[in-house]
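Each structure below appears as structure tokens.
Across the two complexes that follow, subunit A remains constant while its partner is subunit B and subsequently subunit C.
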Partner chain A sequence: MRIPLLPALSARTVRVRVSVGLVAAVAGAVLLVPLLFPLDEQAVDMANKLHPPSWAHLFGTDDLGRDVLLRSVYGLRVSLLVGVVAALTATVIGTAVGAAAGASGGRVDRLVMRVVDVFSSVPHLLLGIFIVAMFRPGVWPVVISVGLTHWLSTARIVRAEVLSLRSRPYIDAAISGGASRWRVGVRHLLPGVLPQAGLAAVLMVPHAIWHESALSFLGLGLPTHRASLGNMIQDARGTLLAGDWWPTLFPGLFIIVPTLAIAGLAGVWRERINPRRRSELML
Partner chain B sequence: MGERTVPGPAAALELRGVTAGYDRRAPVLRDVSLAVGAGEAVGLLGPSGCGKSTLARVSALLHRPYAGTVLLGGEEARGWRHRAPRAQRTAVGVVFQQPRLAADPRLTLAALLAEPLRATGRTDGIPARTAELAEEVGLGPELLGRRPHEVSDGQLQRACLARALVLRPRVLVCDEMTAMLDASTTAALVAVVERYRAGSGAALLAVGHDRVLLDRWCDRTVHYADLVSGAVTPGRRAPADTPAG
Partner chain C sequence: MKRELTARPAGRRALWAPAARLVGRRLLAAVPVLAVVTFGVFAVAAASPFDPVQQYAGSAGLNASQETLDQLRRNLGVDGPFPERWWHWVTHALSGDLGDSTALRQPVSQVIGERLGWSVLLCAAGFLFAIAAGTALGVAAARRRGGMLDRAVTSVSYTLEAAPPFWLGLLAIWLFAIQLDVLPAGGLTDTGSDAVTAGAVLRHLPLPALVLGVSQVPWFLLYVRQGVADALDEDAVRGARARGLSERTVLLGHALRSGLLPVLTLVGSRVPELITGALLVETVFSWPGIASATVEAATSTDFPLLAALTALATVAVLAGNLLADLLYGLADPRVALEEM
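Coming up: the complex of A and B.
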């Protein structure tokens, strides 16, 4: 006789729970570790350099004897800050531009979307490097660089959604009821595009984290002493060739695991706002 | 156009030589003229896809025609959609064919009903006016807190009709209002419209393809084919014995 130890769960429920658990663990780590363990993540200990993972240093130490676990947590803190702020910046810009273009229509729409095309035709990492190079290294130039180069896709998504909403009879009904342009935009169009814009924002967080890492890896992001995931992987490049895998692997996992968790949540969200599902619920 | 005669005061709604559509080279409406007198109910019959809905949207100033003019109470329409003055836009109430598409899915029925009042800044006494209209169209208080996907088509169309009446329009345009509804809901909605018209003296343009319904509902029925090139002469309170077509 089989005794079920766990209630049967659908694959989707499992995915949601695992993703939520991972995101919660990551959020807890970046918020609590610096409070609970007031250790200096930049403390150099040359006597203990390049120790493999052990009980004293769970993730080992890097080529300057710094604890990889502690530095990874601090690095993730920076990466998440950059990721979330840059994604929000890009989403606000993209939603504003896309909504304005879609709601105005005609010549304004064509002009704005051609400008978007021009920006899109330049590789955005290159554009990001150009922006970063104008400032002194630090967190905020990276945020600005990623935020200013990633609103294009959101603008396209929001514009397409606004165009489709604009021709619905309920917009006609609102106009007939005396609603101003502003009211139609704020009351009917904006709430209609928020699920799509929100999904774009969530998907952009991991993307922005990767960008921060890429810029730091290229030596253009954060100052080199600052623990960031990109900096750590960049520093560990040399030791990887000597067979010391842990200074590269663990920061790498710190990028990949939150990315997968956030992408998992975004996937569930996307299923929920899928137009077909939505219309099935409505009819 | 040409030999039009409008006895008495100006028609509540008049279309003169309207050409409209979605492609300049192939307009849906060509040189259409129609007048609905004050207090008159006119039924407009026509086959599917002939342009009845476009005509209804032009009448409500929601679609800009390529040529021709629309007059409301003798006053020429001075713009279309948002460019129309608010007083002209709200003078025409519209009920659309599909309540699902005509209701913002995020608003509760109470919010849907009160939306025109909020949009025009008449926020005093919204709860009272909402409750009064809901009762008038037969929506129970328990339905008012629900969203469109939680009510039936008939209930939603009742709310859409209430929304069209909330600003007390002088002209009501019903575009296939009852096409998706059963007989009893149809009768109830028509009764609401007629009570409103009796109380307010508003004019009605009812667009549809159900000849029996429109003949019984309206003072006169015109066929879409007769509208072209001013073939129809408007009358005030014409007897219902002239079913066109």
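Coming up: the complex of A and C.
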């Protein structure tokens, strides 16, 4: 019998390790790089403009001579910040609405779920565009527009979870033990839905980044002095038409890689909390 | 309860009446949804700092007296509280008058009439590409699950799903229009001419349709792959193999048919994603459709156009959902349309 030198890693373990590594790399980059390499957003260096990728500038330089790698890290930082805040907003709204609907039941539940249905018949990006257009582009309108359009799925998930938890014996036991409605809700129902809500929040972050970058690209997002990845891709349009691809390509990869890493981790998390629904579809 | 006991009348005729009733019910249900959506749109506008009078007056409004501004407010019909303005808008919309677009300086209904066709053309072409490519690659991937092709196709799908369509569009322009110079970079007409000819449309359509299609492929592909792979494990397929049918017949005649049907019925529910994709792709390629008009309307805070287009998008989503349910009833005889 041959004894392998290294234990064979399952595909799942590899996926977990790669995802964890990428998430750690992204977190490290956005936290450490600004400390090590301060970037003056306004500084231009026309002598070095539009250098293709090289050892001095791994991702090349843009039309104002700025390092694309460094700017992408800064852009990712802005996008992540907006994405996380927007995802948290959406999760708080969704959990509150879903829990209220599920716990109240009856007429309130039906009414709330109707409202959710109405909200979901307007495409998210269009609703976001409308809100930002009315409130002028800026950081907060973007956060609010992404938050206000993304709570629907969380509300549905949390409501379903509350409905299934409500019929469990331990809830009956708590009620017959004399617990108040509030206590049942906060002490017994909320902890039960938190894993699902947390998973929804984590999966929401890439969505929020995606939406923020789309809004910024359309000129309806963040102001250009807080360049996010979407702003950078929009800025690079002119250089791309002149044939220089690197200021466009790399910021886009900075959107894709964190999205895949987070989706990979969330897939594992989902298998943990729902072992029976081991779906192959991650997204 | 009673319905389950009575046998379902056979034949095609039996399907039409429930389908018509479903359409009727959905039309009735669409009325309150549209009312709530447009009311919400007016409420958001009322809560925002946006003021149509100042937009109309422009810099002249800075020197105008309060009386002039109030007069202007009345003339523009924006002096009342927002529920009143909403009702005014709804009653006019019912007679076909959606107001005037402030950015494009023409009636909103004319903007929609001129541009809707181009958007439908782009979306249809993109979606057909997505269905064709998704089916072919999905079946190929499902044939050998876990094989090289399957892993490659799935990884690329997840990557494409994460990639923003506008970024894909820009890269496609770089590759096809600038490096290879085989397709035009955008617009609908050739440089230096305004005439929309069939040839020009045929040259300008492929690139945006390809990008829109590619952004929709991952979803479709992953579902087809799952559906066909599940179908390959079913008894019917085992039976077909046992009868000695060729692998090709088993795959295309049995597994694909039962695996694809549930996916096809979901197509209607993809309208929101299609609209989202169109908003970005039309802007990248300066496609003169309704979605790029939406973005223009938003950057210049063109409220009449935005309100009408939001309502229009809602109608499209509801129609898509209805289509999905109808197809579902057609595809699966066990589903009773009465219950949807």
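One rule holds in what follows: the second predicted complex is superposed on the first by the 260 of 283 C-alpha atoms of A that agree within 3 Å, B and C clash if a C-alpha of one lies under 4 Å from a C-alpha of the other, contacts with A are read in each partner's own complex, and residues count from 1 in each chain.
Rule of thumb we're sticking to: a contact is a pair of C-beta atoms (placed from the backbone, for glycine too) under 8 Å apart; a residue touches a chain by one contact, two chains touch by 3 or more.
Computed from a prediction, not measured in an experiment: that's the story for all the values here.
Once chain A of one complex is fitted onto chain A of the other, the partner contacts of A:259 are limited to subunit C, with no touch recorded for subunit B. Touch criterion met: A:175 reaches subunit B, while subunit C stays clear of it. Of the two partner chains, neither subunit B nor subunit C is touched by A:111.
Touch criterion not met for A:39: it reaches neither subunit B nor subunit C.
More residues of subunit A lie in touch with C than with the remaining chain of the pair subunit B and subunit C.
Of the two partner chains placed by the overlay, only subunit B lies in contact with A:191; subunit C stays clear of it.
When the two complexes are overlaid on their common chain A, residue A:248 makes contact with subunit C while staying clear of subunit B.
Look at A:210: by the touch rule set out above, it reaches subunit C but stays clear of subunit B. In the three-chain superposition model, subunit A touches both subunit B and subunit C at residues 281-283. Those residues of subunit A lying in contact with subunit B across their complex are 168-170, 172-181, 183-184, 187-188, 191-192, 281-283.
On subunit A, the positions that touch subunit C within their shared complex are 115, 117-118, 120-127, 129-136, 206, 210, 213-214, 217-220, 230, 233, 236-237, 240-241, 243, 245, 248-249, 251-252, 255-256, 259-260, 263, 280-283.
Interface residues of subunit C facing subunit A in the complex, by the touch rule stated above, are 33, 36-37, 41, 44-45, 48-50, 158-159, 161-164, 166-167, 170-171, 173-174, 178-179, 185, 222-223, 226, 271-273, 275-276, 279-280, 283, 294-295, 297-299, 301, 303, 306, 309-310, 313-314, 317-318, 321.
Listing the residues of subunit B that touch subunit A in their complex gives 57, 60-62, 81-82, 86, 89-90, 92-94, 96, 98, 100-106, 115-116, 119-120, 148-149, 160, 163-164, 166-167.
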